[in-house]
Every structure is written in C-alpha cells, then in structure tokens.
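All chains are identified by letter, namely A, B, C and D, in their written order; residue positions are counted from 1 within each chain.
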Amino acid sequence: MKKTIRGTAGAAMVAVSLLAATLPAGASFSIDKIMKNDLNVKVLPASTLNMGGSSFDAPLVQAAETQWNTVTGKAPFASYNTSKSGVGRANAISGSYNIGFSDFPLNIAGPDVGAGSSDPSETTANYVQVPVALGGVAIIFHFGTGISGTTGALMKKYPITVNGLTLAKIFAGKIGFWDDAAIAKTNPHLVVKGKFLLPHLAIAVMSRTSGSGTTFVLQDYLNRVDKSDFPAASSASFTHAAATFSNSGLLDSGVHSTLGAIGYVEYGYALANNSLTMSLVNKSGKTVALTGAAVLAAATAGLVYIKAHGGFSTAALNNFSINNQTGATVYPIAGFSYAIVKKAQADKNTGIATVKFLDFLSHQGGGTTNANTFGQDLSDNNGYVALPASLQIVARTLITGVTFGGKSILSATN
Amino acid sequence: MMDMSSVTNEMTEPFAPPTISIGSLVDQIPSNAPAETVLSLRDVAVTFNSKVAVRDVSFDVAKNRVTSMIGPSGSGKTTLLRAMNRLHDLTKGAVVSGTLELDGEDIYRGSIPTTLLRSRIGMVFQRPNPFPTMSIYDNVASGLRFNGIKKKAFLDDAVEHALTSAALWESVKGRMKAAAGTLSGGEQQRLCIARALAVEPEILLMDEPTSSLDPVSTQHIEDLMSTLKEIVTIVIVTHNMQQAARVSDDCAFLLMGEDRAGELIEFASTEKIFTNPSDKRTLDYIQGRFG
Amino acid sequence: MSTDVVELDQEVEPEDRRAFVQRQSREHYGRRVFLSRAFLSLLIVSLLVAFIPLFSIVQNVIGHGWHFLTWRFLSTPEQQPDIFHQSAIGGVSNAITGTVLIDGVAMLVAVPLSILLSMALFESKGRLMHALRLYTEVMVGLPSILVSFFVFAMVVTPFLAASGYYFTALAGVISLTLLMIPLMTVACEAALRDVPVTYSEAALALGARKSRVMMRVLLPYAFPRMLTGIMLSLSRAVGETAPILFLIGTSLVTNWSLWSEQTTLPTQIFHNLDSNNPYLRNACWGIALILITAVFVLNLTSRVIVARSLRGRK
Amino acid sequence: MTTVVEPSDQTLITTTGRGRKPSAGSDRPYRTLLAIVSAIFIAIAILFFYSIISKSIPGWRQTGLGLLYRTNWNYGSSQYGGLPLFVGTALTTGIALLLAVPVGIGSALAIAFLVPRPIRLVVSSVVELLAVVPSVIYGVWGLLTMESFLNQKGEPWLKNLTGGHWPFSGVPIGLGIMLGGIVLSVMILPTITAISRDVFGALPNELIEGALSIGATRSQVLRKVVIPACRPGLLGAVTLGTGRALGETIALYFLLGGVPSIHSLCNSLFCTGGTFGSEIAGNFGQRNDPVSFGILCCLAMILMVIVGAVNLGARAIVRRNLQRMLP
C-alpha cells in the first residue's frame, strides 16, 4: 500500500513540474528556491504554539511537528489537539489556537466570522488561510454476509459505481434500497439476465456529527450535483442519517457493523484501513476509483479553476472548492484542508514561529535528509497527496500576508 | 374444651378498665392446679460460636398458664426465650442443643417447618414493632396474610377478634386505616400482641413486653395477660420481679454461672418461688440481695 | 368445620379458629416456600447480574491493559503515530507527570482551604452560612463539567487568555481545586461533627478559647476521618475528565510547568478513545489500568486509615 | 447526614461565666480567618451561578425559549432546538433506571440479608470500589467492549424479540441510546446498591423478627415489611443514581453518537442521540464567540437546574427518611 502512495507521489512530482511551468509569473517564489533549503528555521525565537482542529490534518501536522523539532532542535509545540474542523475554526478565531486547522475555509459554512460573530468588525479578511493538505472523500459501504458467491466476486472485480445524482439521492434519503434502478444503471456488470444482483436491502446512511470538515466537503459536492436536495453545503450532519458519529473511527466501525450501511471517511483513513470504496462517475462522465492520482488530478484541475476565479482570495471564498472538476481521471470529491491564522499577529515571536512553521508545513524540501525533509515530504507516509508545487508557491504567497506591526513577517525574516 | 363464656362476654362488651385490684403479691398468685404440658424443655443449651450462653435448662410450660422467666441481666432469659421459636436460626454460629418439644414434637429436629412453628409460637418484643408502613388493620391481618389466608370476611372477623383480645378494639375500631405509627407506645405494644394473636398461636412468648412503656400502659398489658392466658399459653421474660409475681403462675429463675453461662436455678410455681424457694440463691435474689 | 361456617358465624370458637388457621397455614405452606425460594433466588441472581458488568470491566481492563505495564510505556511520553505506523504511540509519562502535577497542586491548595471552610461551617450559624453549606452539599452532586464552565468564563477568558495562555495546567488546577473543595469540606465537617460534644464541652469548661478547642481537641480527634475524606475526594478528582478536558489542552512532552499545556491520564484516555487509530484506542485499556489502580489504591488507603483509627478508639 | 446539636449554643454561655475569663480579643484572629474563608467561598458560590447564568444570556437571546421545545438540534450549523436533548436525556436515564433499580435493590437485599457475613464484607467493598471507577473508563468499556456486543448480539436479539417493531426497530448499530442507557445503568448501579444496602442496614432488627415471629417466610419479610419500610430511603438512593445518570457527560459523549432528527429518535432505541451532558462535552471545543459559548451555557444551566433539583430532592428524602426510621 505504501509503495503505491510513493508511486503516486512520484507521479505527482512530475505533474507538479509540468504544472509549475504553466503558472503565471505572479508568484514571488520560484520552485527552485523552495527546493533549496531556504527555510531559515535556525533563527527561531522560543515560543509555544497551540494547534488543533480537523482530524483529517492531524497525522500530517503531528508528523511535521516531530520533524520540525528534529530540524530546529527546539520543541516549541504543544501537541496538536485532534477534534474536528469546527473546533479548529472556532479556536483560531478566539485565539486559543495559534493555528487552527479546518477542511473548509472560514465563512464558507456557518457564520464563524461576520454575521453571527460577536465582534462585527471581525471579517474573514482578518485571517490568512493556507491550504496545507490535499485529500479526497471515500464513500464506504457494507453488505456483510448479505452478499456472497457470484455477486461478491463480481463486486470485487468491478467496484460499485454511482453517479453524483444517485449519491445525492442516497444521502438525501430519496433512494432507500440498494437494488434501486438508479444504482443498477451505473453497474451494468452486476445486472445478470436482466436481474440486478444487489440485494433488496435498506440503505442506512451514516453521518458524522455536526462540525465535521469531511461532511462539508461531501455536502459541497452533493450541492454541486443536486441543488434541489442539497441547496447549500454545510458541516451539519445529514438529516436522514440512520446514525451520527463523532469521529471517523466510530463512523467506520458503524458502517462495518451495519448491513446495508453507507458512509464517508477521509481518503487517508480509507487507505490505512484498506476499506472497500465506491467508484464515482465524474463530471466528464468517466468512472473513477479513489486513488492518489485521481485526487491529485482533482487538485490540478481545481487549481486552474481557483486561479480563474480570483485565486485563494478571501474575497472569493466560494470558489475555493475543487469538488466536481472536469477531467477524465478526476475523482470528483476532493478538497484542501486549511491552516487558519490571524493576519495581524499580536506577538512578534509567536508570529515568527507561526509563519515559519506554516511555511515548513506547506512545502517540500526533497525528503532525502533530515535537513531537507519538510511538511509535504511527510505526506505520502501519512496517507495524503503532496500539494502540487504550484500550490506550494501559492501557499508561500499567502503566508507572506501574515504581518506583525503592519509588516510581512516572512519577508522580514527570510 | 374450656368454658369460654366469660371471655366472649368480655369480647362483646365495650372495653372496660380492668377490675382486678392489685393487692399483695401472694393474693394474686392462683392456685397450683395440675395442668397439661404444652412445651417441654430438656437439657436445652444455647451456644454462640461455641461459647455457652445458657446451659442445661429443663422445665415444662403448662397450658393456659403464664410462665415467667426471671433473673439478673446476663442470665440468658431472652436467649432461652428466643430458642423457643427458633429465632436463633437467624444468628450465624448459634447452636441450640437439647430437646424442645411442642405438644410432644421436637421443634428443632421434628417435622414442623420453622415458619409454621413460628405461627404456632408467637412473640412480642421489648419495644413495640408494628410495621410502620401498614395500617392498624393490615398490621393485625399481616400474619394471616403471610400464611396465605386471603378471605376478607375471615380477616375482618379475625382482626376484630384479635384486637378485642388485646383490649384495643374499642379504641381503634373507628380508624382501622390509620397508620400504626399514630398509636401511643402502649397501644402499639397491644397492637403487636393483637398481631401475634391473630394467627392463633398456642404459645405467646413475651420478651420484657413492658420495658419501654410507661406505668399506665404497663398495667394495661399486665391486666391483659390474665385474660389472655385463657386462650393462649404465655411465656414472659421480665427483669421485674414484682411483675413476675403479679402475672405468672409458674416461674423459672435463671442465674449466670461461674463461666458466665446462664443456668436454671429453680423452676416452680410462682407462689413457691416467691414464698418458699428451695435454693438460697433464689431467696437472695427475691429479697433483693443482688441483681 | 368449613370455611363457610367461619364466614357466616361471627362467634367462632377459639379452638375452631386456631384449627382453621393452622390447617390453612399447612395447606399454603408448600406454595409459600416455593415462592419464597423463587424470590430469594431472584435476589441472588440479581446480585450475580450486578457482577457481570463488573467482571467484564475488570477482565477487559486487566486482560487488555496488562501488556502496557512495561517500564517503556510508563517512562516514555506519548507519541502521535503516522497513518502507516499506527502502532508507534509512545507511552504515558507525559500523562503521569501531568496528573501528578495538576492533582498534586490542586490538592495542596484545596486541603487547607477545605479544612478552614469546614471549620467555618462547623462553628457558625445563620442564614448565609446555611446557604453556603447547602451550596457545598449541592456542588457535590452537580455534574463536574459545570466547574469547567465557571473556570473558563471567570478565569481563562478574562485573565489567562488575555495574556496568551489559552490552555494551561493552571486552569486545570483551579478547576480541580474547586471540584475538590466541596467534597473535602463536606467530609471534613462531618468528621468535626462526629467528635462527641462532651469533648469540646469539657475543654470549654476548663476555660479554653474556641480556637484552642478546635486546634487541640476537635482537629486531632477528627483528623483520621478528615484524612479519609481528603483521600476519597482526591481519588475522585484523579479520575475526573470533564472539568479539565477543555482547559489543559494536550502535551506530548513530559514537563512540570503550570503555564504550559498538560495531559493527564483521564484526558489521554479521552483523546485516545476519540482517535481513529486502533492502537491508540487499544492503549486506553493500559492507561485505564494505571488510572484505576491509582484510584483504588487511594480509596483502599483511606479505608485502611479509617479502620485503624476506629480500632484505636473503641 | 444526621443532625447533631451544635455545641456552640450552650458552650458560649458556659465560657462567659468562668473564673479565668478569656480576654475578648483572644479569639479574634481565628474568627477573622474563618470569616474571610467563608466570605471567599460565598463569593465563589455567587460567582459560580452568576458566571453560568450571565454567560448564557447571549445564548438565550439567540434561541429564545425555542431551546426548550424546538426539535432541530445541530450545534455545528447553529440549529438550537433542545427537544431531542430532552428526549435523549430522558431515554438514556430511563433505560438506566429500568435496568439498575431492580438489579441494584435486589443485590442490596441479597447483600444485606442473604450473603454470609465474611463474603458480605468483600461484596460490599467491591460494590463501593465500583462507585469510584472514573466515568471515562466506563466510556472505554462501553465503546470497546459493549458496543460490539450490542451490535452483534444484543440489539439483533432485542430486534427479534419485538419482531423489529418499536422500540427495537431500526438498524442495530451498537452506538446509541440503548448503549448509553445500558452503560449508564452500570455506572449508577453501585450508587444505588451501596446506598440501598445502608438503608437496609439501618432498619431495626425488631421489624424483621416481628414479621418472622408471626410466621412470615424470609421472602415475605423482605417484600412485605423490609421494602415498604425502607421505601423512602430507597427512593433517595434511586434519586441520587438518577442525578448521576442525568449529569453524565464524558462517557455518553463516546457512546451516544450524535443527535439525529427527533423523528428517528422517537422511532427506535437503537438510534444515536445526545443528552445535555454529551452535547456539552462534544461541543465545548467549538465555542468561539459569546453566542456559541452562550448556547453551551444554556445547556449547562438546564443541566444544573435538572440535576440540582433532583439532588435537592434526594437530600430532602434521605434526611427525612433517616429521622423517620429511628423508632
């Protein structure tokens, strides 16, 4: 399994180089400069950073913390507080976390900053949101012993495939049974002599509790394919869920212990657990299985889309999504996970530590020695797809926006 | 069969204060007529965890008479009394040896089940112990109900009969549904007597039944006993010699021996014990030399 | 003689009545004994049923937990595993130091305050003090998470967070102190009230001041019971998760600072159980075994203290 | 819990008449110290209630009384209808009581009256130790042991029992109201057993002997005399257990899953759910502004009122009962 990821990452590097060539000259840092170790991490004031939030980011950030401590010889971190995106967002705003992590940026779902906020002067523009991890959402399901023999063998050979609309109807509770005609239509190999092989089994939708970033990414996708059932994306739990779970582990075991269950977990989680995942029909009408390459393809296509819609600008937040991109190899449910920090840092030393770590986290150094192993070099070991190089450049631009006393911290310290 | 006319007359008439006056001790002692034995004790000993509490007691309890057990504290009166309806069965490490026969049947090794035995040998305790959550009626009827008797007509009749026998009927007949706790201490003790009588025991054991009562209530209970013995044989433990002299026909005197185990010193008619005891220790006790 | 006769004739002969009752008793005896045995068996069964979950908990905690009782697990700090090395979870030394630090400091603060408060409650009368006593007694039963709200709203937000300290061991210490004080106060006051009135009256009759009576008579006599109450409160506080979970954060390094984030044994169990990693979840058993041992040791020690002191007294 | 006559009333008078009269100011530092300590704690007590109530005001302002009756609860998406939480709290506590009360009182009877003395000590110590097992450990046991048992054996069996009809309809997931209720029952069982045993132990022996001496069987003594006489004390024990069940947070956070629609909550006990405690534990981390923290404070306030009332009730019952039981 690990090898495949490494392979994927290798392929990604090629793709990245290609993509980098197509990028506009607007970015102030070149890929060459990143590849050289220009992260001057030795110049680091003593300061403790609080971090936490999305469970999706947890393994990557925690690995990066350990690596950071090795590279810098300092241990300025309290550990990553794993919970869910909502917690990361909330604590980034309240200041409890110096860096909060969320699978969806501020102000996309819920009035985190702005309308519902207590301080009306607070807006999303006061925050910098840096994409730090890339992943897809795996659709998992369970038939248990309900399926065996020919059907089981056929299912192993040809993964169950659904299109976006069918998936939306399932999660909206509109399609109640596995032998529904809509499911049969996208699984012709499971139709033998005009009879659909999937059993007449009720579909039990398993949902995360509210505040989950994974839920947001999935609902954002469902919103794009079925506006009538999902008029807006949110991180709230699915209304028709048979059960709701507070984390992916519980949801996974919930799915695997329930006949006819369907659920969703992060790509890395499904990978680590070797879970059976569904294939999806993407926007271009192609059936795509969930792989690292398919997620990377989504990101690559998504970046072009984001760039075309104003880049990672807090003014054009709604175009941050890379769900439902066009392309033959694109897996349609994917998203970045974001690090959220305050734009104007209150404390100089904390500010320096914050931007240094963010920069470290969002870049690759090559990963050949301790000294040049950065955050994104740890991706493949932790079940992520490394950020495309173009995005690494974008990330640095974004990090440069973090200021202390009106001056960019990163520019000042590099 | 006994002539019950005097008793039934009293039952039907409203409760009247007892007419028997309390004269000298000797006046009160009835004549010593020959009587049928209902409970016989032969070499009865009680040990707790192999420590002897009472040893080798033998005497006969005569039918329709009041037998009292007297003696200083520690002489094993109550221990002996509790052996008579097998209450020691509850205590771990208690062993009753010897023979206790009820109507010729061994109560420990015979065929009488303990629960049935206890409804044939009832008991009244030092402190009134009515069931606090039950009404007066339910308290009296409880024994019959425990024994499986459910017929309301019989219960009503039995409750009235038992309360009348306990000289309580007149004062409570209007408030049978009232909680037992609303009665005074003396009334509560008479309620307990009625509760014991309702199951029609052959013997009623009384363990210092007046020790927690005031003098007036005590006198009520004592007066009651002389009528009660017409229908039930009574064994009473008392620390009060005058009481024993007033109410009992036969008397057993117990004393703690050298090894702190209670022994039966003398058993005779109450008249003999209080006028002409054969043992010097009995005389000393009666005359108040110790105890 | 039949039942009918008894029903119809109010004037029943006593001997008939007795015969009737005894006959009825004998008739019903078999059924009553059967019912009695059935009921008593039901009670024994319920006792056994009550022991099933206990047995299951003990069996699982020990069965799954004893592998973790290695020096390595106890002496290395927690480590966050990456997704392909899910078993690299480290140990619990950070949680052990955190627990000792937070519970230790909280106890040091709470013990003198609780004893003083119990003395105040013991000595005083009046409506206000009655209300205070009611408050302490009610606090004992309230959900412990409420203390967390209080500390967060009254200490963390206005003071600590304003200086940049959002998650600190200090907040946890304050929270546990506030949790322990009612428990300890109620126990200590009960201990003081347990001292026979004659003792203090004798001392007062000799002309002693109330403060001397308290120091020389009441406190020495009540001390063993107070100590028991303190140990029991401590054993409860050690196992508490809710009042500190959202205040102390987590720490992957072993340190003794009150101003840094800390992990305690219960919060580590919470975070491990909340994780997706099966190895972290399984390690909950190991931490639970350590925690449960600590709680039981504290609890049993206090029982021994009480048994000893009472033996000397009677 | 018994009230003891305060010695201070009489003793104050006796001290004043002594020959060696203590000087008036000699006790002053002591009294001042105690007064200061009392003042501090009175302040803390006031602040405690003030903090929760005042911080909940933005929450109430946001939700109005709808928090008490509306049916949509989803903290993450700012839907604050608390009815599902009331239902979840009632259901879990209800299941817990249904299981724990008969078993708890039954085993207390067994311990007090049936078990031989040497074993009795061991058994009751074990029960008391169980009462101090931290709730997070019950969470571990519930999630890692009971969850799979319920999911694979318990819930399918229950479902067969009613043929898949209410209250055991729906999908047997493991996690949910049923699991929460069962683990809660295990948590409150030691409390109920230990207090009930104390109540039985305080019963005067004469009542039992009185019943035995009129021919009651042992079970009749227990059923007809002991249990009715101890009813107020048992009620106190059950009420204290209820208080613990209502206020549980951490364990239930793991065992209940999350709050679904009220519709599915009413349909099946297998469904996931939430209580006031579990939702506070699950969302405390998400507080970021006075409103979202205020909503949590509202939940805390509701929890405080419910549990406080239950505990005050228990306290009153147990006190009165102890006084009544002394003959």
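The rule we apply is simple: a contact is a pair of C-beta atoms (placed from the backbone, for glycine too) under 8 Å apart; a residue touches a chain by one contact, two chains touch by 3 or more.
All of these numbers come straight from a predicted model, not from anything done at the bench.
Compared with subunit D, the chain whose C-alpha mean position is the greatest distance off is B. The most centrally placed chain, judged by C-alpha centroids, is D. Between B-C and B-D, more C-beta contact pairs are found at B-D.
Inter-chain spacing, taken between the CA centroids of subunit B and subunit D, is 48 Å.
Distance from the subunit C centre to the subunit D centre is 13 Å, each centre being the mean of its Cα atoms.
With centres defined as mean CA coordinates, subunit C is found 43 Å away from subunit A. Multi-chain contact residues, meaning those touching two or more other chains, occur in subunit B at positions 115-116, 119, 146-147, 199. Each of the following residues of subunit A touches two or more other chains: 81, 83, 91, 94, 246. Multi-chain contact residues of subunit D (touching two or more other chains) are listed as 143, 215, 217, 220, 254, 285. Chain pairs that touch, as defined above: A-C, A-D, B-C, B-D, C-D.
Listed in rising order, the residues of subunit C touching subunit D in the complex are 25, 32-33, 35-40, 42-47, 49-50, 53-54, 56-57, 60-61, 64, 113, 116-117, 119-121, 123-125, 128-129, 131-132, 135-138, 141-146, 148-150, 153-154, 178, 181, 193, 197, 200-201, 204-205, 207, 209-211, 214, 232, 235-236, 238-242, 245-246, 266, 269-270, 273-274, 281-282, 284-285, 288, 291-292, 295-296, 299-300, 303.
Across the complex, subunit D is touched by residues 81, 83, 86-87, 89-91, 93-94, 109-112, 116-119, 202, 204, 207-212, 234-237, 239-246, 250, 253-254, 257-261 of subunit A. Across the complex, subunit A is touched by residues 58, 74-79, 143, 147-148, 151-152, 170-176, 253-254, 257-261, 264, 271-272, 282-283, 285-292 of subunit D.
Of all residues in subunit D, only 116-117, 204, 206-217, 220, 224-225, 228-229, 231, 324, 327 touch subunit B in the complex they form.
Those residues of subunit B that touch subunit C in the shared complex are 1, 4, 7-8, 113, 115-116, 119-120, 144, 146-149, 151, 153-154, 157-158, 161, 199-200, 202, 231.
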